[in-house]
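Got a structure here, written out as structure tokens. Questions coming.
For clarity, chains are labelled A, B, C, D, E and F in written order, and residue numbers in each chain start from 1.
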Amino acid sequence: MATFATHLVVVVVTMLFLAMASAEMLQDVCVADLSNAVKVNGYTCKDSTQITPEDFYFKGLANIAATNTSTGSVVTGANVEKLPGLNTLGLSMSRIDYAPNGLNPPHVHPRASEIIFVLEGQLYVGFVTTAGKLIAKNLNKGDVFTFPKGLIHFQKNIANSPASVLAAFDSQLPGTQSLVASLFGALPDDILAKSFQLKHKQVKKIKLRYAPKK
Amino acid sequence: MATFATHLVVVVVTMLFLAMASAEMLQDVCVADLSNAVKVNGYTCKDSTQITPEDFYFKGLANIAATNTSTGSVVTGANVEKLPGLNTLGLSMSRIDYAPNGLNPPHVHPRASEIIFVLEGQLYVGFVTTAGKLIAKNLNKGDVFTFPKGLIHFQKNIANSPASVLAAFDSQLPGTQSLVASLFGALPDDILAKSFQLKHKQVKKIKLRYAPKK
Amino acid sequence: MATFATHLVVVVVTMLFLAMASAEMLQDVCVADLSNAVKVNGYTCKDSTQITPEDFYFKGLANIAATNTSTGSVVTGANVEKLPGLNTLGLSMSRIDYAPNGLNPPHVHPRASEIIFVLEGQLYVGFVTTAGKLIAKNLNKGDVFTFPKGLIHFQKNIANSPASVLAAFDSQLPGTQSLVASLFGALPDDILAKSFQLKHKQVKKIKLRYAPKK
Amino acid sequence: MATFATHLVVVVVTMLFLAMASAEMLQDVCVADLSNAVKVNGYTCKDSTQITPEDFYFKGLANIAATNTSTGSVVTGANVEKLPGLNTLGLSMSRIDYAPNGLNPPHVHPRASEIIFVLEGQLYVGFVTTAGKLIAKNLNKGDVFTFPKGLIHFQKNIANSPASVLAAFDSQLPGTQSLVASLFGALPDDILAKSFQLKHKQVKKIKLRYAPKK
Amino acid sequence: MATFATHLVVVVVTMLFLAMASAEMLQDVCVADLSNAVKVNGYTCKDSTQITPEDFYFKGLANIAATNTSTGSVVTGANVEKLPGLNTLGLSMSRIDYAPNGLNPPHVHPRASEIIFVLEGQLYVGFVTTAGKLIAKNLNKGDVFTFPKGLIHFQKNIANSPASVLAAFDSQLPGTQSLVASLFGALPDDILAKSFQLKHKQVKKIKLRYAPKK
Amino acid sequence: MATFATHLVVVVVTMLFLAMASAEMLQDVCVADLSNAVKVNGYTCKDSTQITPEDFYFKGLANIAATNTSTGSVVTGANVEKLPGLNTLGLSMSRIDYAPNGLNPPHVHPRASEIIFVLEGQLYVGFVTTAGKLIAKNLNKGDVFTFPKGLIHFQKNIANSPASVLAAFDSQLPGTQSLVASLFGALPDDILAKSFQLKHKQVKKIKLRYAPKK
């Protein structure tokens, strides 16, 4: 029995370190098998004979999300983790809802450019080039604006009424790095103090709002 | 002077055959210089010191388009030709408006996958795999669905009221090949007759609706 | 024993959802492991220590195939499914044989451009741009012609003798969507009737030749 | 003459909006023509018959740079702008010199991952995942560490003696967005105040060190 | 007039450093403008309104080439330089003709994998992995074999009658580096002597057959 | 029990044919799971919750390697096989140490361009284009030079003292095909004799130094 147990452990443990999806379409569809224990670059596919219309469908962007957050904005994603049919398609969407004067604070998407369509409200949006130039504009309902890959960008609701945008990305999992949260949630005090030239006391105060990730 | 004239002709003629944009981002932004005489793969960029917020902005998707067409649907693009800042970003949007029971007939996008969000109405949408399997579903307002790259797909308004969707693509210029129009607008009668196994009379009748492109 | 049985089921079931190959070469070779239960984007590789010359070899294109089909043409593929060494190489071939006056009806390859060499006979071949322009030409033995990615194209034998071409693709699995078969084999009657503006009776008649895929 | 003048203006103006380099190698080499008036995605190539060994050579990383900057670090690039032969190669280098306790403050490269080799000294380096996890380590002379594409990272000299690293990137022009400088050099006060939850007074004070780019 | 002359020189000289084609298809077709003075990564496109079927056609592979060369083989290319419609398609073909016992000596294609179809004759073909393993096989008429990207490979006619193959590549301009010719045609004697551990006398003797490129 | 044994064999055998990593980053990091029995294009990832700073760290380039080899040079790699965090990053490094007058003989990297920085010494380095042109230069400490993807290149220590370079590649596993070793270690005598136009006796003599790989 020992050999069975041993083999089994080897196999199960191995499974824990497997699974992936590729960056280019090598067949019609590769629906993500999200529950798979195997870990890979992206996601493995479910058997193509088992795909259903539901694999390519998501209804989670239909409604306005509660915007009572610290910054007054909420992002709801429709990426491969929610819509497995997006696996290998290099495409995803998000809905962003804003409280009156709410802000989607400065952030970067490491793996995608973004294009937004204003569903409702008035926003001030922009991005910063690596040369430090701000490209920003006021948007109204129905307007479209785009943010190039990897550059710092933000959107702010400039009205006293709620606002919403629909965003699309050229990645099934663009990733989001919220700058203030990443900096003050993860970096050591001395790095932050020297970077912002703030007193340690000030750094600690800002950090209170961002419990370091465990 | 003759030599000047000659040089000038050489130069101007050469210009008529130039200009391009690349498939990957090699700098922060490369805003398309759409009016450039030079022809390239994509578009050349305007001088980066001359970019403005307007280059990344488009308001042409704000309103419902007139849908009194033969099939009862109209596609309004927000691609690099309308929004030059999309050049090299590998991303674009379209708005599709449908008359009651209007149809966006079967077509393929040679260079992009597509994801749609229903702005208004009820639609029956789907795509066909190369194995000939139909993946289709009824959608309501706020629903999201996706169509994999290069596969035949369609959307039909299944209600007696107008409908609209917002579509995003993983290409700044996805291209659209409407199948019936391409087949009956461009192919010779005998190819069509043999392909559809229709009588030439029937082929000619369908062709009447599609004047061959000059 | 129950735990063994349980683990085993978990493992085996997991296996049913695994396996893939990538879009770029990340080592010398990645020979497809076609029999693998794991499903991925492309195919997993067999152990590189086990590769043999046969993995890179295929003899199935040597002979003319029987062309007594409804359209009078037969495509024989030498893609990754037949020639596992092509996995990750982004390249494949096909042989197309035509009966006298046989037709390879309008179709698209969602994932590849195509280049053909006429082994025997005389053909009329062409493709249609997304602008609806037909680019077509008569070819003789030894001629080469190319069809851009994702565009509708066809070849017709214009002689009363058999013809054959050798085709190459920039994908190890280009995929083929035969338009008439996909449209009339998969789409609902009302979509087809409205798309082609045919009577339901005519649609049903054409459909008889294309039993919907199960 | 007027027509000559007019044509000439057209041509020269057109030239001002042209020139590009592609993302993939389509020939052996494409040495950047940096002085070209044409603007493209990357750089155009000089005539391949005119290339010399100097096009592939750079000596600017040989010496330690002066590190008497506000943060005590200096980055010297060996990218396509300095080494034109790198055009289309998707590769570049930088040398980073640090004063005792000098810091290369948190930044992102929108278009590249980075790998560093410690030429001299002791450093504390790290990056933050989009999940907010800090991956950091102390490095000594000869150690190698890598920072994934688009993620926030930093290096700090933790010794009282100078330090230097050699960095390589998988892009000929990776781009650098220094976070504090970009945020406080480019964004409006209210966005910063709300993002960092700082008083406008504090924001203005930090901003003093970063004159907005003109 | 001087200013005209000056401008003209500026413009014409600039033209000499321009022109390119991209690595991905950003529109239906981008037919290479081969005569363009502008140099870029690939080729610029001719105006899409000017394309003709001839741009996608080549007849130069129809006939057997004279094989009375030093090694008894001749390669005839159908790449973008001969077939401009291949520009951006990432695909090309070659015909290789062999004298009895002729050899296509060891070479590498820096930018493409290769797949061959034997038109006539019997060949011994193979490639060498970076691990130094030879993967080789005898082929007969109609057989298909593939050579992975960047690996050393060769084909030898093993019969006393002529042979021919049709080769396809996943690049519109794969490039060929014939090893013996490149080594003995370009490298200094001492590098060759030390690499092959040959006497300088032997090196000079082999070099006689390969006049260094000017 | 037999069924357990059988299932187990199936599972374990299946495991032997699995495992892969992709060519593009589809999440923040995908640390290679090098010990995984599964074989794929690249490597599978370890569970992202299990990553540590050590996964992104390597100290094996810190010291000079023994250079008492036949050619007087040694290459020490810092690729994905040594530094698992490089998986999917498309980047790696090597350290090359040279004995006085040592040579890194002519070779190609099938999957990467290379850029080098001279840590110590004086070298003569160069590459050969597919047109047979040698691009070579003498380098001193601190100099940078680059070798385009897939082209033959070499470095020779031209001083009587040791030399060292740090090399970077745009691939996590660039691969190296040493030409003389590959040719004389793997190819049949007759191919070599005809390629180099050497006598079989001379071929056999050179081959003595390169035992064919088993």
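The criterion applied here is as follows: a contact is a pair of C-beta atoms (placed from the backbone, for glycine too) under 8 Å apart; a residue touches a chain by one contact, two chains touch by 3 or more.
This one's a predicted model, so the numbers in the text were calculated from it and none came from an experiment.
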Intersection of contact partners for subunit C and subunit E: B, F
Farthest chain (mean CA position) relative to subunit A: E
Chain copies touching (subunit D, subunit E) - same or different residues, decided at half shared: different
Selected from D-E, A-B or C-E, interface repeating B-E by over half of its contact pairs: D-E
Distance from subunit F to subunit B - Cα centre to Cα centre, in angstrom: 44
Centroid spacing, where centroids are CA-atom means, of subunit C and subunit F in whole angstrom: 36
Multi-chain contact residues (two or more partners), subunit F: 4, 8, 11, 18-25, 28, 38, 40-42, 110-111, 126, 130-131, 148-149, 151, 175
Which pairs of chains touch, using the document's own definition: A-B, A-C, A-D, A-F, B-C, B-D, B-E, C-E, C-F, D-E, D-F, E-F
Residue numbers on subunit D that touch subunit A, as the complex places them: 70-71, 103, 105-106, 108-111, 128, 130-134, 148-152, 154, 156, 175-177, 179-183, 185-187, 190-191, 194-198, 202, 206, 209, 212-213
Touching residues on subunit B, where the partner in the complex is subunit E: 4, 7-8, 10-11, 14, 16-24, 38-42, 110-111, 171-173, 175
Complex contacts: residues of subunit F adjacent to subunit D: 25, 28-29, 51-54, 56-63, 78, 83, 85-86, 89-93, 113-115, 117, 119, 126, 129-131, 135-137, 139-149, 151, 166, 168-170
Residue numbers on subunit F that touch subunit A, as the complex places them: 4-5, 8, 11-12, 15, 18-28, 30, 33, 36-38, 40-42, 44-48, 87-88
